[in-house]
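Going by the order they are written in, the chains are A, B, C, D and E; count residues from 1 in each one.
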Amino acid sequence: MPDQFLFAVEVMINGLMAGVLYALVALGFVLIFKASGIFNYAQGVLALFAALTLVGLQKGQIPFAHLINAAFGTKVHYFGWTMPTFLAIALTIGVMILLAIAIERFILKHLVNQEPIILFMATIGLAYFLEGLGDVMWGADVKTLDVGLPQGASEWIEDRSAVLGGDGFYGFFIDKLDIVAALVAAVLVISLTLFSQYSKQGRALRAVADDHQAALSVGISLRFIWVLVWSIAGIVALVAGIMWGAKSGVQFSLSLIALKALPVLMLGGFTSIPGAIVGGLIIGVGEKLFEFTIGSMIGGATENWFAYVLALVFLVFRPQGLFGEKIIERV
Amino acid sequence: MLDAGRTQETLLEVNNIEVIYNHVILVLKGVSLTVPKGGITALLGGNGAGKTTTLKAISNLLRSERGEVTKGTIHYRGERVQDLSPSDLVKKGVIQVMEGRHCFEHLTVEENLMTGAYTRTDGKAAIAADLEMVYTYFPRLKERRKSQAGYTSGGEQQMTAIGRALMSRPETVLLDEPSMGLAPQLVEQIFEIVKSVNENEGVTFLLAEQNTNVALRYAHYGYILESGRIVMDGPAADLRENPDVKEFYLGMSDTGRKSFRDVRSYRRRKRWLS
Amino acid sequence: MRDTVEPYVTEDGRTIGGVVMELKNITLRFGGVVAIKDISFDIREGEIRAIIGPNGAGKSSMLNVISGFYTPTEGEVWFEGKPRPKMRPYQVAQQGIARTFQNIALFAGMSTLDNIMTGRITRMKSGLFSQALWMGKAEREETEHRAAVEKIIDFLEIQHIRKTPVGRLPYGLQKRVELGRALAAEPRLLLLDEPMAGMNVEEKEDMSRFILDVNDEFGTTIVLIEHDMGVVMDLSDRVVVMDYGKKIGDGPPAEVRNNKEVIDAYLGVSHD
Amino acid sequence: DLVFPDLSYRTGPFAAGGIPFSDGYQDYFTLVNERDGGIGGVKARVIECETAYNTEKGVECYEATKGEGALIYQPLSTGITYQLIPKVSADKIPLHTMGYGRTSATNGRVFEWVFNYPANYWDAASVAINYLLDENGGSLEGKKIALLYHNSAYGKEPIPTLEALAAKHGYSLSLLPVDSPGQEQKSQWLQIRRERPDVVLMWGWGVMNQVAVQEAANIRFPMENFIGNWWAGAEHDVTPAGMAANGYKSLNMNRIADFPVFEDIRTHVHGKGLAAGDGSNVGKVLYTRGMYAAMLAVEAAKKAQEIHGTANITAAMMRDGMEALEMTSEMMEALGAPGIGPEFSVSCEAHGGSGMGIVQQWNAAEGRWIALTDYIAPDQDVIAPLVEQDSMAYASENNLSLRCE
Amino acid sequence: MFYREAGDFKTSYRDDSQTFPIKFDRFRYYAVLLVALAIVPFFIDSYWANALLVPFLIYAIAAIGLNILTGYCGQVSLGTGGFMAVGAYACYKLMTAFPDVNIVLHIIAAGGITAAVGVLFGLPSLRIKGFYLAVATLAAQFFLIWLFNKVPWFYNYSASGQISAPERTVFGIAVTGPHTEAWAKYLVCLLFVAVLAWVARNLTRGSIGRSWMAIRDMDIAAEIIGVNPLKAKLTAFAVSSFYIGIAGALFFAVYLGAVEVGEAFGIQKSFLILFMIIIGGLGSIFGSFAGAAFLVLLPVLLKNVLVGTLGWPTDLAAHIELMIVGALIIVFLIAEPHGIAQLWRIAKEKLRLWPFPH
């Protein structure tokens, strides 16, 4: 059945696209892991926070309005202006950088040279804090995010590919938002790879991940490196927040996209930027194809666990992930 | 005091410092020392005497180990440096080679060396030239430059760590146990390198060593540290002649070198302080 | 003991036994790097066998081969007269081969006592249930082994740090604890990788004393890697010299010391 | 005073739905206090407790408030409802689960303390099918209907009913589960696109709704054939998709209109600065529903006062009031909310109300829901046996003897 | 001044390796146990039991279980929720299939079944290490939840897919079902906690515990020393899952009485319990209690203060509560990275030196 085959292809293409969206979230994790060996649990919340800030700025929401109203009995909500998108994005980036500075100043600085699990824990504290802060600042209702990204099926592709199949086939469905996401992801991955592999800062970043103390001893300023990567991770989170927020509105659940990124991260390797994208693509295609072929027979909604099982299978053969740095085992 | 090694201005001055780890473990109980510019100063002492702690106090790496200097002062070129960050100190020209190598495992040997030049701003060419210099000092590293440092042998890692420090064009190097785990030939070689860097480039060294024998041969001045206190200091040549140092740090008896086989009919040393 | 070779008399007149272990044409490669190139030598019952050589020569790798952590690319390890089949390191340990590590590999989160008790793990047999209830066998066994471990603690003079977490100990003491952990296994063959690196003379003397005592009192066969030529010359019965994966000398210390090739490759100047 | 705990959720993944409901629920009690001086002269006191839609926090809230003399619980969460059913039965406090919770609790013979009027999930499923029957000239023979559901107890509720109805009306039903929270629905919508069902029904909550509406628009599924249940039909479910959501339909158990009671709320509650929340939700779907819930509680309390002849009623009396509740058009008119819900009456056997619902449609240009139908009755022939079966199983599992006999 | 080892000499190795070598600690422990067993049950009301103590005790069991795996054996697991679900569903199936067997046996058997499942999902740990291992356990988490949600046999084909615990008694006193008294719930959980904590303590001080810790601290060295990694890791998985299974069974049967799998045992639960042991202290049984207390009691306390005492709006209070919990976690970590247990230990060390500063 050629149609069946074409459907499978369609599912694959959409899997690839979904994978790109996962990878966007995974990328933020990778950056921070690479630079400090920190498994950043707060990455999802960071995306939420960035998206909330963006929408809040765009719509001219008064930050902490709820708190102010509760404390002073006032009734303020909006400034009454709306901000042009690009300006809002620029300001949000500014906020993310400030946040990175604060994170370094109040958390990381005090936790130099601690074991990974402790740093992981600190990011959990951060996640709680940011979640609360985001809510207090901007409120917990669903917000519509509109930065002018195209949405919906690309009719151009749909029309042109419809001829491939029979009557039951309507052409390939590809979401325009996904195409934008893929382009953005490609740019991000390439530039970040170049940055970390070939620049002096990139080298310093990998050095920090290996050994905090030694990095300090050769004069690398941990504080600077951390502010740098957390800023970049914040910006990546903003990108992820925009892409996901455009689909679902901005709300608490946005922070749960981190769960979609975990298997990607593990499959690709915690330390590899290209790994994040390749991992994303494999997971995206794998889970969608499985749901398409077998999942629907055994009751559906298999994607969540299948992503992990797939990652697990890969890890059994390569315990450091596809592109992760080999775990050095020596005595 | 004799003037060996003290002929020039004082570069580093540590004044009566006390160090506490984890808020409870008192390790240094008032250590003072001075390092003259252009000299090689050795810090000697047994295990756990506090050599590493002293060096880390100077380079400000203590904080990351939950240790702190609770008393006393540290001055570098007359300026108080206790509150600077380690990277500021590197910019001022003080770099530490840490005990136990601490190479960046996942970076190649060459990348490790390049991180040493992180704070430098004098251009790629100068850095490349220094890289060549390090390779001439340590030809073995050139052979292994593309290997991940995590997979190189202990000695190779030690060379990498020293080379990495030299890459920063330091004014003062704090060298912690450079000879540990190195083959005898290489120990000599490394000290020769220290000496020639010291003489040719005018780099000042403060080195903590267990290998008293070699250290005192190359150093100008020595301090002996025990249980967190300086118990003796003097020009290296004098220390080498001191009978106690001879017996307990150099392993010499009146009749030349003692055999390790004879240690069993053994007399416990006396401690200067404990 | 199945003697494969006649007993052997050392320089200083001590008699040592037959061959316990024989390494036959060992080659070890990591990708392009050849760490060990076709090396053969034997280890005799009760001797102190030193391995020396420049840094990166492959000494530690050789120890790793013996303790089963690396599988040689080519060649065989014969133990007690039989070729040893491929086995996991813990199985090798169960055969009575214990070791210390070049970069201290203590269990940093545990106390000195627990670290040394871990050394006896191959000898402790009580099951999960009896341990869960801490009755009968488990408790008896624990007390018994504790007594044995206390002997080692006394022997190494580390009573005062019995309950200290080892992560906090100074380097020299950590090395000593590591030795204790290896000794606790009451091994037939004890492998020591640079046990005295980073020690001053006094501490080396202590360590030498322990090594000699173990060798004498328990008749433990010892393989020793060390860079301090004084120690090697004084303690060892026979010395293997390696240089970048090759064997360049093998024999009693005095002989090795004067070997031209060894001097060039390793010693630099002749030591006495 | 009369205590009405409000187990709300203003944080967590479902806050968007929890906030307006709770605002409406609380504002109405405040209104009754401010305008009428309370219920039968006794002030109502609302104790709000945040559950974050989390069952454990729900239990904590229940335990914390029940000692205050709580008269009725309205947890707005199927999960918490299941925790509370045994607890309220033991503590003898009525539980009202309006259009959610355990469907078979509609059988008052088994569930003495649980009420789910005016309608339940199975009613909803049947109302939707009856609406479709109506649209399709009385026959669904050969039609393909897909159910897109939240993969949880809540989402699975309508399946038995829809299957029974499929057997009756001859449509084919395909099931598409979406895992919580439901941000990724690509597979499901690609499948819908392939299979082209005539109608997609949705049992969603939280972010799942928003994504589904967006994805439906993406594949250009005809919105008028996409029908959500009454928990998938609020403003915030459709606004993120913008104009693309135009035409999306959903069920409702309460009509949306500019009821006179809102004016009262604005003057007596918001005007005095007593609004719950930020006061921006008046008139929204879930606000109206929350207010309706409070209205039903107040009416039941009045009934209880009437029956027992005391203004200071207890939880047990409240239950009696609920069981005797009768909502007529006149009453609703008098309350300033004409036609807000269907007419219904509660009895010892029947705790489930009439089960009627309307279908409404989103008009994106005007940004409001427009009712398409009047109250549609469910098909009790199909539902009643299912209820009987499930509630009897519960009774036998828990050794309950039947009431009302 | 009482807090000294001095004068408290040990004359046998047995005495020396007991749980509380210092007399004062020993007495305090017995005192706590006595109060918990003999006094609290007479005063407990249903709020204290259902909202605070019962969840605290159950989480403490789960935390001890996870601490055995993660804190003692060093294997990071994010499958706790899934394993709790196994315990809960196993208990449910057993309760409904064998109504006449004592519930305590069901709970223990549920632990046993969970242990078997745990071993199965522990197998990949032989190859996969560190945070990567989390993937194997996450696969368990998501797969198990999916399975219990999807296969009607597990929930006895009930319409909603929820499971509810029927009433069961011990010595004629109801411990599950709606008519359970607060004190009965509390006491059942307390006894399980007491026994399980004692067993955990025994396991961790013996040779099995040491082999776990050796694997945690340096797995390669441990293997070369003679620790069989397969055995060590799998026993850790088994014992840990046993505990978690029991916690799951109690959570379902005694505490909540009815659960829906995705809601009660979702990934959030796995994270929550992991947070507990990290905050409490990895590799410490006391830490498991401290962490469980911190994360169960603190939010309730904060809520009561913010809403009850200060009268803030509930949503604002909930948000601020999140911020405070988050900030406190960070503050704790900065003060002492090794958890509350370590803070406690340092406090004791200081006390021992008191009045001298060092």
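Everything that follows uses one rule, which is that a residue touches a chain if its C-beta (ideal position, glycine included) is under 8 Å from a C-beta of that chain, and two chains touch if they have at least 3 such contacts.
All of these numbers come straight from a predicted model, not from anything done at the bench.
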- Message: Show me the overlap between the contact partners of chain A and those of chain E.
- Response: B, C, D
- Message: Return the chains shared as contacts by chain B and chain C, ordered by label.
- Response: A, E
- Message: Between B-E and C-E, which chain pair is linked by the larger number of C-beta contacts?
- Response: C-E
- Going by C-alpha centroids, which chain is farthest from chain C? Tell me that one. D
- Centre distance in Å when chain A and chain C are each reduced to the mean of their C-alpha atoms: 50
- Message: Distance between chain D and chain E based on Cα centroids, please, to the nearest Å.
- Response: 37
- Message: Roughly how far is chain A from chain B, centre to centre by C-alpha average, rounded to an integer in Å?
- Response: 45
- Message: Can you list every residue of chain B that touches 2 or more other chains, as numbers and ranges?
- Response: 25, 151
- At least two other chains touched by the same residue of chain D: list those residues. 10-11, 15, 19, 151
- Note on the structure: Residues of chain C that touch at least two other chains are 69, 101-103, 105
- Query: Which chain pairs here would you call touching?
  - Reply: A-B, A-C, A-D, A-E, B-C, B-E, C-E, D-E
- Note on the structure: Counting only contacts in the complex, chain B reaches chain C at residues 25, 44-48, 99-100, 140, 144, 147, 151-156, 158-159, 177, 180-189, 210-213, 248-251, 257-261, 263-264, 266, 269
- Task: Report the residues of chain A in contact with chain D in the complex, numbered from low to high.
- Result: 7, 10-11, 14-15, 17-18, 65-66, 69, 73, 75, 77, 135, 139-142, 144-146, 151-153, 168, 170, 173, 175, 244, 247-249, 251-254, 256-257, 260, 287-288, 291-292, 295-296, 299-301, 303-304
- Which of the residues in chain C come into contact with chain E in the complex? 67-69, 88-90, 92-94, 98-99, 101, 105-110, 114, 117-122, 124, 126, 128, 131-134, 138-139, 141-143, 146-147, 150, 181, 185
- Task: Using the touch definition up top, name the residues of chain E that touch chain B in the complex.
- Result: 346, 349-350, 353, 358
- Item | chain C contact footprint on chain A (complex, rising order) | 331
